[in-house]
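Below are structures written as structure tokens.
Each of the next two complexes has chain A plus one other chain: chain B in the first, chain C in the second.
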Partner chain A sequence: MLRFAVHTLRLISLLFVVVCLVGRPIIAQVPAPDEATYRIAKQLNCPTCAGRNLADCPTETCAQWKAEIKAQLDMGKSAQEVLDYFQARFGPTVLQEPPKTGVTAPLWAAPVGAALVFLLAAGAVMLRAARHNPLTDVAAADPAEDPFVSALEEEVRRNG
Partner chain B sequence: MFADLGHLSVIFAFVACLYAAVVAPLGAQRNDDRLVQSGRIAALMTFPLVLIGCLGLWHALLTHDFGVQYVASVSSRATPVFFRITALWGSQNGSLLFWCLIMSAFVAAAMVRDWEDAGDKSLLPYVTMTMALVLGFFLFLELFLANAFVRTDFPPQDGRGLNPLLRHPGMIIHPPMLYAGYTGLLVPFAFCIASLITRRSDDLWLRSSRRWTLVGWAFLTAGLLLGGRWAHDVLGWGGYWGWDPSENKPLITWLIATPFLHSAMIQEKRGMFKNWNVFLMMLTFASMFFGTAFIRSGLLTSVHAFAASDIGPFFMGAMVVILTACAALWLTRLDVLRSENKLDSAFSREGIFLIQNVLFLSTAFTVFIGTIFPILSEAISGTKITVGPPFFDQTVGPQLAALVALMGVAPLLAWGKSNGAAVGRQMLGPLTFAAAVMVALLAAGATQPVPLLLFGLCAYTLAQTVMEYVRGARARMHSMNEPAPLALVRLAQRNQRRYGGYLVHLGVVLLAIGVIGKGFYGYDTITTPAVKLNESFTVGDYTFTYRGIRPVPCEFNDCQTIQAMLLVTSAKDGRVLGAVFPHRDHYPVQQHTATIPAISGTFNTEVYVLLAAWEDGGATASFQVYINPLINWIWVGGIVMILGFVVCFWKAPERETVTSPAVAQRAIRAGVPAR
Partner chain C sequence: MVDEPSVARQTSRVHGIGGKPLIVAGILLGIVAIAGVFAIALNLVSQQGARPKPGSPAPDFTLALYPGYRAGLPEQIRLSDLRGQVVVMNFWASWCVECYKEADALEAVYRKYKDRGVIFLGIDYLDTEAPALAYLKQYDVTYPNGLDVQQRIARAYRITGVPETFFIDRNGVVREVIIAPLTEAQLIAKIEALLAE
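Let's look at the complex of A and B:
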């Protein structure tokens, strides 16, 4: 009995494969996700389209992922739960937006740190300058605002 | 036959590079001008030699010489002539050859132009040497590791055809532009190195470098924008920028070359920041080299790294050698590069340029870290962590906004020291304009605070930049009695760099408006459930009625196209606006499906429709619709930026001298140093 069932299943799957191969239209038809699935897919990376999110990737592997999302949504899971599921299964690499905690925390900290350090360094240079040359009264006209003056200034520099 | 001739010619070019790299500096050491000239001519000759190489490969492509492996891999009998020509840069080996061609063109141009223009020729032997070494390295890669001329004993009947993604007009000029941007930056780098070798402390190198950097910068800008346009038209993701490694790489170089163009001014005007400029120039070159290495070695996967292979180790080795040599050279010359002036005040043009410079660098660093994080994480923790667009949007966005703000302040500040009250007065008008714009936007229903503030910021900077022209033109109208349009033209003519630069700023602001519009107000949706035949759906102001799908002849003859037909009517009054035809192209040989959008809508709101799927022969179909507000401002901004470059670069007629005594008096009162 069991053996019969296994055989039938094998036969069916074989048939399925044959149908898939033979009955393939000129362009593979991929079922479209619904809006809710689409929203979630937008937040996931696609395993087969490098650099693109799941929703924008037309491959069949991605179609399976979208089907998985839909199945989970149909089971009553919330969007966040679906995302959590994918993260638990594939790690943070599956998310379009890397989490701000965990392994990817340094990634988020780096730009902020760099900007701060760079700006502080620039600030230190300027502070030192300000200390060396206390602000004196500034000349009345501003050479930067008069193109003639800056032209002249350049001329003086060139010939001087 | 011709391909083999080309191969031979490229070998000669490689030898010429080696010869030039040895002979030119030798001639300088021995004070033998004949040797130097010989080196110069050898470097000059690399261009025609590599060109012959390219012509050889083009000949093979055009005559279907599938005995050449490269030809078989990027073209087929079905490939149209046009794409057989562009197939030269369709894959790694050929594109490396093409890269060498453009680089040698720059080498030759520098050898002609700078040699004839320069009064002081002391840098040129070392410029020749540096450029010949770098070009030689790339020719070495081409000849020994990624040879496009390799033949096979068993030529196939037909080739594989060109990568379908590369069949777009944008791809005709996008790669050449980017290559020109990159390789153009070799020239200023060579001048920098030559200046260090000869222990020069003046700004001789900068005078040549600035102009060449501007050329490289303009090509990079154009290349980036065309790349964005191509992605928008072909990749079917609705956007223009995906923070893909091969987009990030030129962006990083752009983000380093741009502050260099600014800080070079400080050295010219004030004799300061000499070390900094050397550092920036070296960093620009390193980013170019590093980025090329990363993409070409296939370390980073990318949607369009068409050109990956195993030349990585050589790149990395060369990178280490170059960085060590640069650092050693620079560190031994630190004393020569001492500043002639001190920073007088933080509240000055120099001060704000310094802030601008570090902000640009931290932005470049941010893009860099996000791009290489997948590799870093793989090296450290063993898993490759993908970094998607949200990271870049959130980290790079604020820094770019700060740079837009600086653009609205920097032009007001004077060299040396600035008058706070005067600056405040000049800010008043544009600030009022910005406030008015924000109120108008609020009234129109734009209530999200962040984009509202950002639009306000753009309005301020836009007004301030326009005011620069107004103030300058007004001054001319008063003193020279010129009518407004003439005054404006003369103003730009008399100070091309300055007013061309402001035009670039204007372009950047327009581009920023587009980025903000698309980023904050853009949205996309997928039709759920699938649309039945003759059924309608509405997105934004547009109603689409599905009229079925049909197979149509493909644009190229190695693909199959399924096209959907949609009638577009106005959602408000039901007026028929036209029809759109999004389609899918399937390429059986390459096993690739391209989802090609149909683009419609108005200038300010683009509607971008994709055929997502269909069932039962088109009885139902699904569509992805992107609404992209203001995205067209990006392209307009880009064009304005390039125009700004043209104004900067255009050779102007002789300058008129300042004759008005009043002007001279004012200048003296302003305290212009007479040195």
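Let's look at the complex of A and C:
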């Protein structure tokens, strides 16, 4: 049984190595996508399917948009000019990262604000805890003035 | 006997659990911040308004027409300038498969009614120029067409996709919305009904 398991494991390992060695050249033979087009498409949204990146979307609309990006790059436009063209034509929602101005500014500021509030609150709590260290508080406190200690001592005396 | 609540209170004090109000304040501030973000989002959504229902005035807009697809109109047209004519407003896109099905019908009916006080407007939605112009050429479209820049018209009319066709009467009132490809017979029936008024 153990020998069978070892043989199977060896066979799987061998297959894995073969797939890795043979598979790499096969993958390399697939024509590489136009890098410049891909990089710009990565910064845009698919116009018809919510939340999907243009670069990874296989729909007809996205194919047209990618062709438009390539055509504009071929005309000599820079990546920023292409992005500006799409934003002017289809609005800021077309960008994966909408501009951090106008109505979207609070959405960008909210997480930073929340983090600041959290840090301030956490800092204040830690500071307060450090000031009221139970060990130092107890040591520094006058037992005669502490009603808890007085009550405890009274109880001990009574049961004593 | 030691008073238990008193001991509990004292124990709390000794162990320094005095930061609770600050934590509560932090949580409240967080809730307020999240509520603020939601309020902004809701405001943005409500600004878009509702789809114009049949019987309500058609939202006005300007449309820059594609060169070669102006049918004698100026480069920029305003819907309100077309008052007095029946307007058939069709949202389409070159990537829209369903739009192909009605392209011939729209053009044929436009040619039939263009001299009878009926105007067709093609509103190109989320399209790039080259495929859009190729589409218009392929279907021999001659009625006015232009790109809906930044989807402003689509948002005003709250379209859900393409094709969508709005029938607007001579007084600038939306009379019917069709969310499907139209046939010649359907177009003729709806236009005749509006012309008969």
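We adopt the following convention: the second predicted complex is superposed on the first by the 100 of 160 C-alpha atoms of A that agree within 3 Å, B and C clash if a C-alpha of one lies under 4 Å from a C-alpha of the other, contacts with A are read in each partner's own complex, and residues count from 1 in each chain.
Just so we're on the same page, a contact is a pair of C-beta atoms (placed from the backbone, for glycine too) under 8 Å apart; a residue touches a chain by one contact, two chains touch by 3 or more.
Remember, predicted model here, so these are calculated numbers, not experimental data.
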item: Touching partner for A:Ala129 - first (chain B), second (chain C), both, neither; value: both
item: First (chain B), second (chain C), both or neither touched by A:Tyr38; value: first
item: Partner chain in contact with A:Ala50 - chain B first, chain C second, else both or neither; value: first
item: Which superposed partner A:Met75 touches (first chain B, second chain C, both, neither); value: neither
item: Touched partner set for A:Arg89, first chain B, second chain C, both or neither; value: second
item: Touching partner for A:Ala121 - first (chain B), second (chain C), both, neither; value: both
item: Which superposed partner A:Gln64 touches (first chain B, second chain C, both, neither); value: second
item: In the superposition, chain B vs chain C on chain A residues touched; value: B
item: Contacts of A:Trp108 with chain B and chain C, given as first, second, both or neither; value: first
item: Common ground on chain A, meaning residues reached by chain C in one complex and by chain B in the other; value: 91, 103, 107, 110, 114, 118, 121-122, 125, 129, 132-133, 138, 146-148, 151-152, 155
item: Chain B contact footprint on chain A (complex, rising order); value: 26-36, 38, 45, 49-53, 55-56, 58, 91-98, 103-104, 107-108, 110-112, 114-115, 118-119, 121-122, 125-127, 129-130, 132-133, 135-136, 138-153, 155-157, 160
item: Chain B residues within the chain A interface of the complex; value: 235-238, 242-245, 269, 301-303, 342-346, 349, 351, 354-355, 357-359, 361-362, 365-366, 369-370, 373, 377, 381, 383-391, 395-396, 399, 411-415, 417-419, 422, 426, 471-472, 475-476, 479, 491, 494-495, 498, 525-530, 551, 560, 562, 584, 586, 593, 595, 612-615, 622, 624, 655, 657-658, 660, 663-664, 666-667, 669-675
item: Partner chain A, residues of chain C touching it in the complex; value: 1-3, 6-7, 10-11, 14-16, 18-19, 22-23, 25-26, 29-30, 33-34, 36-37, 40-41, 44, 93-95, 97, 126-131, 147, 149-151
item: Chain A residues touching chain C - in the complex, by the definition given at the top; value: 47-48, 59-61, 64-65, 67-68, 71, 88-91, 103, 106-107, 110, 113-114, 117-118, 120-122, 124-125, 128-129, 132-134, 137-138, 146-148, 151-152, 155
